[in-house]
Amino acid sequence: MIPLNWYLILAAVLFVIGVLGFFIKRNIIALLLSVEIMLNAVNLTFVAFSSQRGQISGQVFVFFVLVVAAAEAAVGLALVIAMYRNRETLNVDRSNLLKW
Amino acid sequence: MLELALFYIFGTIAVVSAILVITQHNVVHSAIFLAGTLLSVAGIFLALNAEFLAGVQVIVYVGGILVLFVFVIMLIAVERSTFERQFNRQWKIALITSAILIGELVYVVYQGRDTFVLAEPAVPLVQGAAGNSQQVGMGLYTTYLLPFEIASILLLVAIVGAVVLAKKKTQTE
Amino acid sequence: MNIPVVNLGAILPAIMLSLFGIAIMVAEPFVSDAKKSWLGWLAIAGTIAAMLALAPMSRQAGQWYTNLWIVDSYSIFFHFLFILIAAITILTSMNFLQREGIHHTEYYALLLFATVGMMMMAGSNELIMVFLGLEILSIATYVLAGFRRTDLKSNESAMKYFLLGSFSSAFFLYGVALIFGATGSTNLIVIADSLRSGDPQTSLVSLAAALMLIGLCFKVAVAPFHVWAPDVYEGAPTPVTGFMSVGPKAAGFAVLLRIFMTAFPTLEDRWTSVFWIVAALTMLIGNVIALVQPNIKRMLAYSSIAHAGYIAVAVAAGSEHGVSAVLFYTLAYSVTNLGAFAVVTMLSRSEDKLVNLNDYAGLASKRPGLAAVLSLFMLSLAGVPGTAGFAGKFFIFKAAVQSGLIWLAVIGVITTVVSFYYYLYVIVQMYMRDPNEEFADVRTTGPLKLALAITIAGTLYLGILPTRFLDWTVSAAVNALR
Amino acid sequence: MVRLLWLIPILPLLGAVINGVFGKRLPKQAVAGIAAGSVAGSFLISLAAFVQMLQLPEAELPVVQNYFTWIQAGRFQAEFGFLLDHLSGLMILIVTGVGLLIHIYSAGYMTHEPGFYRYFAYLNLFMFSMLTLVLANNYLLMFVGWEGVGLCSYLLIGFWFFKKSAADAGKKAFIVNRIGDFGFIIATILIFWTFDSVNFQAVFSRIEDATLFPVETLGTVGVVTTICLLLFIGAAGKSAQIPLYVWLPDAMEGPTPVSALIHAATMVTAGVYMVARSAALFDHAPGALLVVAVIGTFTALFAASIGLVQTDIKRVLAYSTVSQLGYMFMACGVGAYAAGVFHLMTHAFFKALLFLGAGSVIHGMGGLQDIRKMGGLRHHMPWTFRTFLIGALAISGIPGLAGFFSKDAILWAAWNSENYGKLLWTAGIITAGFTSFYTFRLVILTFFGKPQYTEHDVHHVHESPASMLVPLAILAIFSIIAGYVGIPAALGGHNNIEVFLGGEEAAESSAELILMLVSVAVAFGGMGTAYLFYVARPDLPARLASSAHAMYAILVNKYYVDEVYNVAVVKPILRWSREFLWKFVDEGIIDGTVNATGQVVRAAGSGFRHMQTGYVRTYAGWILFGGVLFVVWFLR
């Protein structure tokens, strides 16, 4: 029997990898991918708890998170396209008009 | 034992490919490694008796979202961005802060090591429903009816928003 | 099997807005370009219908949809506020969209959907619902921020908002997952009961609460989670900036109070103490940086951060007084700030070119009416008695002192002194400098005049006769704390 | 007429609205007529209400008129209501009376100014705010008027905004006043917290409950003392006390009638009024009272000594105002609120008179304000000279004029105070000497001697028009007679005014008579020193002999004594005042601190801005940084 906290630690590690990726990458699509990793880590947490507690609601939530992830991806990629049209780069650090 | 083996295998793949996602230069490679993470998470879902979600994960996430990503990456020139610096200069700070964060998370989980024992493979989670898919469906259409409807607005907003942002310029602009 | 009772009355305002939003998009192909503003009026009709729908909604007090949805005076107050914000924003935008050549009617639809998202946040009794509402609001706002697609700044604004927004909502969601793990539910009342029983592991609950707080603090832009706000506000189209500075902020505070007051009273010492520091920092940073901004949109962005700080003071106060002060202040601030942004929208001319404070020099001698109106809003933001801003600040500081947070109130009042400096600077520019230009191309159109009339009336009414709304906020606060 | 109380502030408000909206299209006479007419209406109603109030039996006082509930939230309630008692009755008479005269004067003074209508709209708005402040029956409504007068003062100081110094001065006044206001608003909240009400009557009746609020002995800082100190911060900001006085001298950039009305007669006395109004609270906080007395006394002395060396006619009067306000606080601080308000009243007359006289001089000199460049004006402007001289005699405390009685009342109260009374008295008497000196220095340099200007600089010095001289004459009359309402017992009177305001009728005392003689001697001494110092110079004996023969003859015998005195006492004092107090303390330290604070805040702003690098990664960093701290805090 695998203890629950193994799953939880796995999820935490994935989450932090996502955070780290968000931090260090400069390519905007890579940033989006990092956010997807974070959301997946959360899904894993939900399912693990759902399983432990014998409650199906945790799995229903994952379903909603999937919807949100899809919506975010669609809008995010549309933004990437709009940005690429205007600037011809995917480097976030290049868009730095607004500051101070 | 099989469960343990599955956990180790899928867990290792998930973590390693996640690390590869954030270290790869070419964003196409990143996307493909993300598929690795997503698929292995789907595998862990299976181990946790969430067959429906495992299927959805593969179909929607890998088959839908990730394909969208790859599609967009292919749509716009990729080559140029591979030659740019991939990492910004703050990675040391990022590592330290992330280490603190993971320390906090693991500390909390470790504190609950006694209480967090996974129950026996789940008995039917909702009374009167047989399979996992049926259970999820029941939850979705009874208790969580309102959020289910709300989610449709969310998708509508996303569709409209994506079209607005990505469609070609009109004459007035 | 618990099939929920489908009570349409309880969510009627949201249904109205959604229907009108869809109707606008369906109608678009049938309307010629010249008559696009009719669809704006259709959106206004939607807000009026939603306003009217508040009456049947208020008769449905209680919990609905298997306790996911709650109708009480707290949620009705925020429904009212959100509809008001949406209506004023639409009125401000109609001329703007025409002027900028971006008269796509999706704008109105997105605005209405964003309002539905805010309603879902304020009315839900359930964290997953909150999350969905938050995402509807956020995604609609990301798109609105980037609505001027060919403009680099608008683009950058949307991108920054999107990236950081999805980053921080992942934190919120992680918190939700952990609280689900700790208590087995995401229903606020169940969580509270479970926490009172003392079963759940404390550190897990604390971690979950902290993570959720991160996501919400990002939404309301309090320090140190405010950093995105100035850039995003500066780059977004001006009426959208007005909307973002009040709508998501009000929704964020609504849901923050709802979650923490209902579900985490056991952790009260933690989150009120966090808010003490957050409020002090936010007021200091917002006001002090606003002092050195040459761009009025950016100045108002920092000012909006500062105002979030004042609201945070009331959150730190915690009690019933604090909650009612939050409600009143969000209303007062929304009315005032939307008015200010309506004037700024009008004055910034095509492509938002003239947004520097110097561009306002001598406005009073050329357009005395506009200058007087903008002065009124600036004075209200600064908190001069007789305006909504003063009444709001007074109740916040009163709540703080009543909860024993005297030093926080002192910091608040001192930073208000600082804020006078930059608000007055706008007035000084308008009244005490020679005009650089004619302001001949500034056009005041019908919808804008209507928006100004509503906001002026609101600013003065809330300042001079705040009692009626205060009663409402107090009863809403009592309701929320029940 | 008491029923019409609400009209008193509303009439000027109407005037302000009409002038503000239509003034641009109206002829100047109409603008001035509307403005002055509305204030005249208020004055008549005030007078009638005052008379009616006097006839009411004691039990029916104060008259309270509640119009509507302004704010109600739970237990918190603030009415929009007015309160008329002896104190506020006297105040509305002063405000509307002096206000009316200054409106009339302004009609002449401002004729040639662009923005004539704007000026009167602001002035009327000021009257509205000031009357609201005075008549309010609770602290919150009082605060509304309090902020309103600050705003109008800002607008009026910056009236000549094309002068950078004027715009800056306006801003400085506003910001410094905000610092005071923060004390007021926190005090108001604390009052509600403590007494469960902000209504004057409710608060003052509750504090008398000795079981709940015992008198806090000197040195203990309880909640009442805290409230009083915070209120005093507010009063110090509005009434220009150390260290918040810095805005008042700069405020002289505004038009002179504004200086007379707002920065001498009415607005700056709002702080004194507020302390007097809150007497019941202050009586329970002897510690706070001592602070009031010490700050007031110190301000009086400090400002008077700076006034000794100023060369700008209006700045002399500005420092003089600060100093006189210090006197009023000294009176309040020793518990003699009635004496303070008495002095407030007489000061309103003679200081307005002096300012308007100064305005007449400036008007006649074509805008010149440096007294060293004037001289001999008494021939050109005889009426201005006569009235100005009356004002100067009154402020110096020469017996028979208004200032003498009120100043004496304060000094006598100070002498009798248990807390360092003799010390306060000594400082007060020195201040009196300084006052008399700088006032007569002003008179001598301006009106006597040879003209120091050339026709090249100043064309055709002329007397002012009647619309300016009539107010001067009326104020001069009041500067003489206003004191007779408070003849002290020592001179056989009954001190009516103080009894009227709730003070006690002091028993006759020979000590008071002696002190009075001392102060009269000091007043004449100051006058004589000014005379010697600025007139009796070796090169001027001939003119001296002709112009002030008698005094010269008396003093000439003591010439060497006085010479020694000049070198040993007066010159060091003057040097000390100029080099240390004015240049170093006033301009260097206090002004410097105010400016430096502004700069530090701006610098901080410029620094903090750099948090905003514009990079998403930095922002994510802040979010994560804050997040990690949040988690640590929650897990603690």
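In order of appearance the chains are A, B, C and D, and numbering begins at 1 in each one.
Just so we're on the same page, a contact is a pair of C-beta atoms (placed from the backbone, for glycine too) under 8 Å apart; a residue touches a chain by one contact, two chains touch by 3 or more.
Predicted, not measured: the structure shown is a model, and the values here were computed from it.
Engineer: Which chains does chain A share as contact partners with chain B?
Structural biologist: Common neighbours, chain A/chain B: C, D.
Engineer: As a quick test, compute the distance in whole Å between the mean CA positions of chain A and chain D.
Structural biologist: Computed value for the inter-centroid distance: 65 Å.
Engineer: Just how far, in Å, is the C-alpha centre of chain C from the one of chain B?
Structural biologist: That pair's centroid distance is 31 Å.
Engineer: Distance-wise, how many Å sit between the C-alpha centres of chain B and chain D, to the nearest whole number?
Structural biologist: Comparing mean C-alpha positions, chain D is 71 Å from chain B.
Engineer: In whole angstrom, what separates the CA-based centres of chain A and chain C?
Structural biologist: That gives a centre separation of 26 Å.
Engineer: Of all residues in chain A, which are in touch with two or more distinct other chains?
Structural biologist: Touching at least two other chains: 8, 15, 18-19, 22-24, 26, 31-32, 48, 52-53, 55, 57, 64, 68, 71-72, 75, 79, 82, 92-93, 96-99.
Engineer: Which chain C residues reach two or more other chains?
Structural biologist: 128, 132, 135, 139, 142-143, 146, 149-150, 158-160, 163, 167, 203, 207, 230-231
Engineer: So which bits of chain D are touching at least two other chains?
Structural biologist: 609, 612, 614-618, 620-621, 624-625, 627, 631, 635
Engineer: Draw the chains as points, connect those that touch, then say whether the picture is a line, ring, star, complete or other.
Structural biologist: Graph shape, chains as nodes and touching pairs as edges: complete.
Engineer: Could you please specify the touching residues of chain A with respect to chain C in the complex?
Structural biologist: The contact residues of chain A facing chain C are 8, 15, 18-19, 22, 28, 31-32, 35, 38-39, 41-42, 45-46, 48-49, 52-53, 55, 57-58, 61, 64-65, 68, 71-72, 75-76, 79, 82-83, 86-87, 92, 95-99.
Engineer: Hey, which residues of chain B end up touching chain A in the complex?
Structural biologist: 3-4, 7, 11, 14-15, 18-19, 21-22, 27, 30-31, 34, 37-38, 41, 44-45, 48-50, 52-53, 56-57, 60-61, 64-65, 68-69, 72-73, 75-76, 80-81, 84-88, 90-91, 94-95, 97-98, 101-102, 105-106, 109-110, 112-113, 116-119, 122-123, 125-126, 132, 135-136, 138-140, 143-144, 147, 151, 154-155, 157-159, 161-166
Engineer: Which chain D residues qualify as touching chain C in the complex?
Structural biologist: That would be residues 68-74, 76, 140, 143-144, 147-148, 151, 154, 158, 161-162, 167, 171, 174-175, 178-179, 181-182, 185-186, 189-190, 192-193, 598, 601-602, 604-606, 608-609, 611-612, 614, 616, 618-620, 622-623, 625-627, 630-631, 633-635 of chain D.
Engineer: Residue numbers of chain A touching chain D in their complex, please.
Structural biologist: By the definition above, chain A touches chain D via 19, 22-24, 26, 31, 92-93, 96-100.
Engineer: Over in the complex, which chain C residues touch chain D? Could you list them?
Structural biologist: 159-160, 163-164, 167-168, 171, 203, 206-207, 209-211, 213-214, 217-218, 223-225, 227-228, 230-231, 267, 270-271, 273-274, 285, 288-292, 320-321, 324, 379, 384-386, 390-391, 394-395, 397-398, 401-402, 406, 409-410, 413-414, 416-418, 420-421, 424, 428, 431-434, 464-467, 470-471, 473-474
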